[in-house]
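Several structures are given next for inspection.
Each of the next two complexes has chain A plus one other chain: chain B in the first, chain C in the second.
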Partner chain A sequence: MSFGHRVEKGYAVVELRGDVDLARSPEARALILQCLEKKNDLLVDLSEVAYIDSSGVASLVEGYQMAKKEGLKFGLIGVSEAALNVLRLARLDQVFPIHADLDTRIADDG
Partner chain B sequence: MELNRPSLRAIGNEADHDVVEQLALLAELIQEFASSLNLDETLQTTIERFMMYMDAEAASIFLLENEDRELVCYKCVGPVDIAGLRMDVAEGIVGKCVREQACQMVRDVRRSRDFSATIDHSSGFATRSLLCAPLSVRGDCLGVLELVNKRSGDGLFDPKDQTLVRVLASAAALAIHNARMADSLVEHERLRRELELAREIQRKLLPAPHAPYFPVSGVNFPAYEVSGDFYDFFRLPDGRIYFNLADVSGKGMNAALLMAQTSSLLRCLARDYTDPGKLLERVNQALCETASHGMFVTIVSGYIDPQSERICFANAGHQPPLQRGCDGSFSEIPAGAPPLGVTPETEFPVSEVSLAGGSLYLFTDGVTESLTAERKPLDVAGLIGLIERMSELESSDQLENIVAEIRRPDTRQRDDITMMLITSRCHQLSKKLMERRFPAQPERLQDVRAEVRSAALLAGCSAGVVAQIVLAVDEACTNIMQHADEGDYSGEILLEIHNNGDELVCVLKDWAATVDPGRIQPRSLEELRPGGLGTHFIDELMDDWVFDEAPQGCGNCLTLTKRIT
Partner chain C sequence: MLTPEPQKGNAELVIEVQDLVAHYGRHKVLDGINLTVRAGEIHIIMGGSGSGKSTLLRHLLGLRRLTSGRISLLGQEIEGIHRQALLELRKQIGVSFQGGALLSSMTVGENVTLPLREHTRLDESTMAIMARMKLEVVKLGGFEHFMPAQLSGGMTKRAALARAIVMDPKLLFFDEPSAGLDPVVSAELDELILRLRDAMHMSIVVVTHELESAFRIADRITVLDGGKILISDTVDKVRSSSNSRVQDLLNRRPREEELDADAYLARLTGE
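Take a look at the complex of A and B:
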């Protein structure tokens, strides 16, 4: 199951799906960095993520850090239960902006 | 010759007619015996019809009782009811019929020295002639069929009557014999059911199979329906474990009852004692008061402290337990006192051993005295050989396998076989749930996770715990793939998962250059950076983890431990 991305309402949205482990996190990382390189504000959709490990989380951290450096917006939307458990374990639920979906995020952006 | 033929035929026809009539009657009576569901009634109607056919005044059936010393009238027809009448086998013509196991025909009783007139005197009946045939089956006499006083002709019985009586007596004897066999089968079946019940009760006195990895396990295979051996173990409220293994002298029901008594006493009293010697003293006194003369119990009975793995026990005349040290050496710990139930003043000295990574084997003589393929007793040396062969197995599998070797299918088991094994924690590890060797390549991880998930579910972990174990193992594999041999490791990973009862133990081994265990530390989360989270995850998710050089000094070994509940 390959990852997808789209541009919607001013955000690049990267859709991660299935298992995001050492085998597939390089692909996730590349996709995230690629969007940021295009100077897009970025949201990562984790609603279809069944499993994520530290390598997958590392891709998110890297994206977060790069966005910050580039002055771009970054956030997670639709975080699945499995993904949220792992983010909590890394205390990253307190670091990443997390929203239910794109519209909620936009409403929050004001 | 020609001329004589018609007359011969006429005579022949008359004789034929008689024989046909007799055969018809006999066939009918025999058929009634064969189809009878109620022998009492059938015998009664048989002698009535037989008496009529034979034209006798009375008929009766006598059966032997009281160890064949007495004849009792079982059925009778005629003017005087003598049913229930008893007479000595040494007396009368009926008695003579039994003694000689032969027909007796007395044409005139007044001229017979054997005739006893007792019945005639008391009843007023006048016996003139008698015809008796023994009721015999395969040489065993069951009683007598008797006919009294022929009415017709000269009032005397003739040899033709004698033949008929003999034939009917044989058929009646067979019917009585069969009915008795049927009764004894019913009785046998009742006893069998009672034994089965006794066995069931006994089985319930043995401890239920424990949670796996309990330090004590036992097996008991009775030689007969009920066992004189028993064993027991249970945890006491203070955390200690009480155990015993015993052999009651004798076999069968007596032994089984003493077994039940002893085992119940121990079960009640064990919790009140800390000194196994004092416990046996108390039980010995109780048994000496009540046990039947000449019966005794040999027993090993003691307590285990599961923390220190120290065992204290007393041995009353039982086979010395075998201790197997962690180095594989064996030593016998001999008995210190006579068996229970012999004399109330006995003291039972206490032995103390430490499991120290080893095991303690308890067994009855049914084990050591069982015959090997060479028809020689197994002995302690033979048992040690079996233990050595099976020592890698988990406790209860080990016992089952040893007993399977002892209970040879070609030999009737002569004695109850009972064994108990007390093992150190380190042997209780482990039931291997999975073992997988795979190349250290990320694309293998998905399959590995699926397998770990199944293993953890199989061990009874909750969904949450399963997810934690899967993530921790994944992180450990990821660490090897990313960091072993400075990120260049292209070898394999060996993953084993063991269930040691309360915990799931995951062992990961690689063959990369050994890493200083001190370098494997979870990092602080204060610092926000992409790498180094894996070890933190493992630390957070697992109850315990140990990173070390692999045994044999080749590669690294990571052991992750997670409580199942």
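Take a look at the complex of A and C:
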């Protein structure tokens, strides 16, 4: 199941799907960094993610750091309980802006 | 010996040991071991000195050849496994050794990154973030540039644990996590083991002789004595076991060995 991306309501939305593990996190990282290089505000949609490991989370961390440097918006949407548990382990749930979906994020942006 | 409780339905087994027998020279050190560890459980292997728990761990890690029986880890038979399959299997298994086994010539960060460098082709930046995340998980954030010699005993164990979990293993072996640690640090490590199980659904085998720690974190406990399993069951069933030797171990009563007068005399006279 390959990853996808779309542009909606001013955001590039990277859609990660299935397992984001050692084998597939390089692809996720490349897609996230590619979108940011195009100077897009970016949301990563995790709603179709069955499993995400540390390498997948590391790609999100790297993306967020790059977005901050570039002055771009970044966030996670559709974070499942399983993915949230992995983020919580390293207290990253307190670091990433996390919203239920794109509309909630936009409402929060004001 | 009390038999383990029957397997529940389709619970996935991450470790299956059947009729394991092992010797050191002519001395039988493991005798008819049957053991199962289920996915997502914390399984404690406990027993006194010389009970065979460390030997069992070495066999589970494939570090020693068994005399007879079979061991299966994550569905793979260990005996006769092909080199490539063994490498793949090892990617899914983390081990935190008792002494830490950190490489003294490398920084803590380099030690933690080592399995990633060996087994993956991830970007340098991804590996560095993963290592720092795991150091944060074990509460060693900011210590990546320290050398192992600069760490306390508890910090060394936590750094070793960070290295053991850096690849998000399905199965983690932790040898004597509490040995030599003060109670507070020991309790912190126990808490961390529980979090790893819950957050990562990791199956964790802990070898320990620390009763307090064992009962704090275990889903199931296997008690070894004299190379045999006395009981392998839930915490409650181990606590309420009617086996006198189990109760001796739980109550820290020394074992009264039966004296074989002839063998004793022969030992003393060197015959």
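What we mean here is this: the second predicted complex is superposed on the first by the 110 of 110 C-alpha atoms of A that agree within 3 Å, B and C clash if a C-alpha of one lies under 4 Å from a C-alpha of the other, contacts with A are read in each partner's own complex, and residues count from 1 in each chain.
Rule of thumb we're sticking to: a contact is a pair of C-beta atoms (placed from the backbone, for glycine too) under 8 Å apart; a residue touches a chain by one contact, two chains touch by 3 or more.
Predicted model, so just to flag it, every value in this text is computed and none were measured.
*Asks:* Will chain C clash with chain B on chain A after the two structures are superposed, or do they fit?
*Replies:* With chain A as the common anchor, chain B and chain C collide in the superposed model.
*Asks:* Which partner does A:Val57 reach: the first (chain B), the second (chain C), both, or neither?
*Replies:* It touches chain B and chain C both.
*Asks:* Counting only touches as set out at the top, which of chain B and chain C does A:Val95 meet: first, second, both, neither?
*Replies:* first
*Asks:* Between chain B (first) and chain C (second), which, if any, makes contact with A:Gln34: first, second, both or neither?
*Replies:* After superposing on A, A:Gln34 lies clear of both chain B and chain C.
*Asks:* Of the partners chain B and chain C, which touch A:Asp19 in the superposed model: first, second, both, neither?
*Replies:* It touches chain B, and chain C stays clear.
*Asks:* Based on the superposed arrangement, let me know which partner A:Thr104 touches: chain B (first), chain C (second), both, or neither?
*Replies:* A:Thr104 contacts neither chain B nor chain C.
*Asks:* Do any residues of chain A touch both chain B and chain C, and if so, which are they?
*Replies:* Looking at chain A, the two contact sets intersect at 21-22, 53-55, 57-59, 61-62, 85-86, 89-91.
*Asks:* Over in the complex, which chain A residues touch chain C? Could you list them?
*Replies:* 21-22, 25-26, 29, 53-55, 57-59, 61-62, 85-86, 88-92
*Asks:* Which positions of chain A touch chain B when the two form their complex?
*Replies:* It comes out as residues 19, 21-23, 51, 53-55, 57-59, 61-62, 65, 82, 85-86, 89-91, 95.
*Asks:* Which of the residues in chain B end up touching chain A in this complex?
*Replies:* 442-443, 445-446, 449, 467, 470-471, 474-475, 477-478, 481-482, 525, 528-531, 533-534, 536-537, 540-541
*Asks:* Which residues of chain C touch chain A in the complex?
*Replies:* Answer in residue numbers: 91, 120-123, 125-127, 129-130, 133-134, 136-137, 166-168, 195-196, 198-200.
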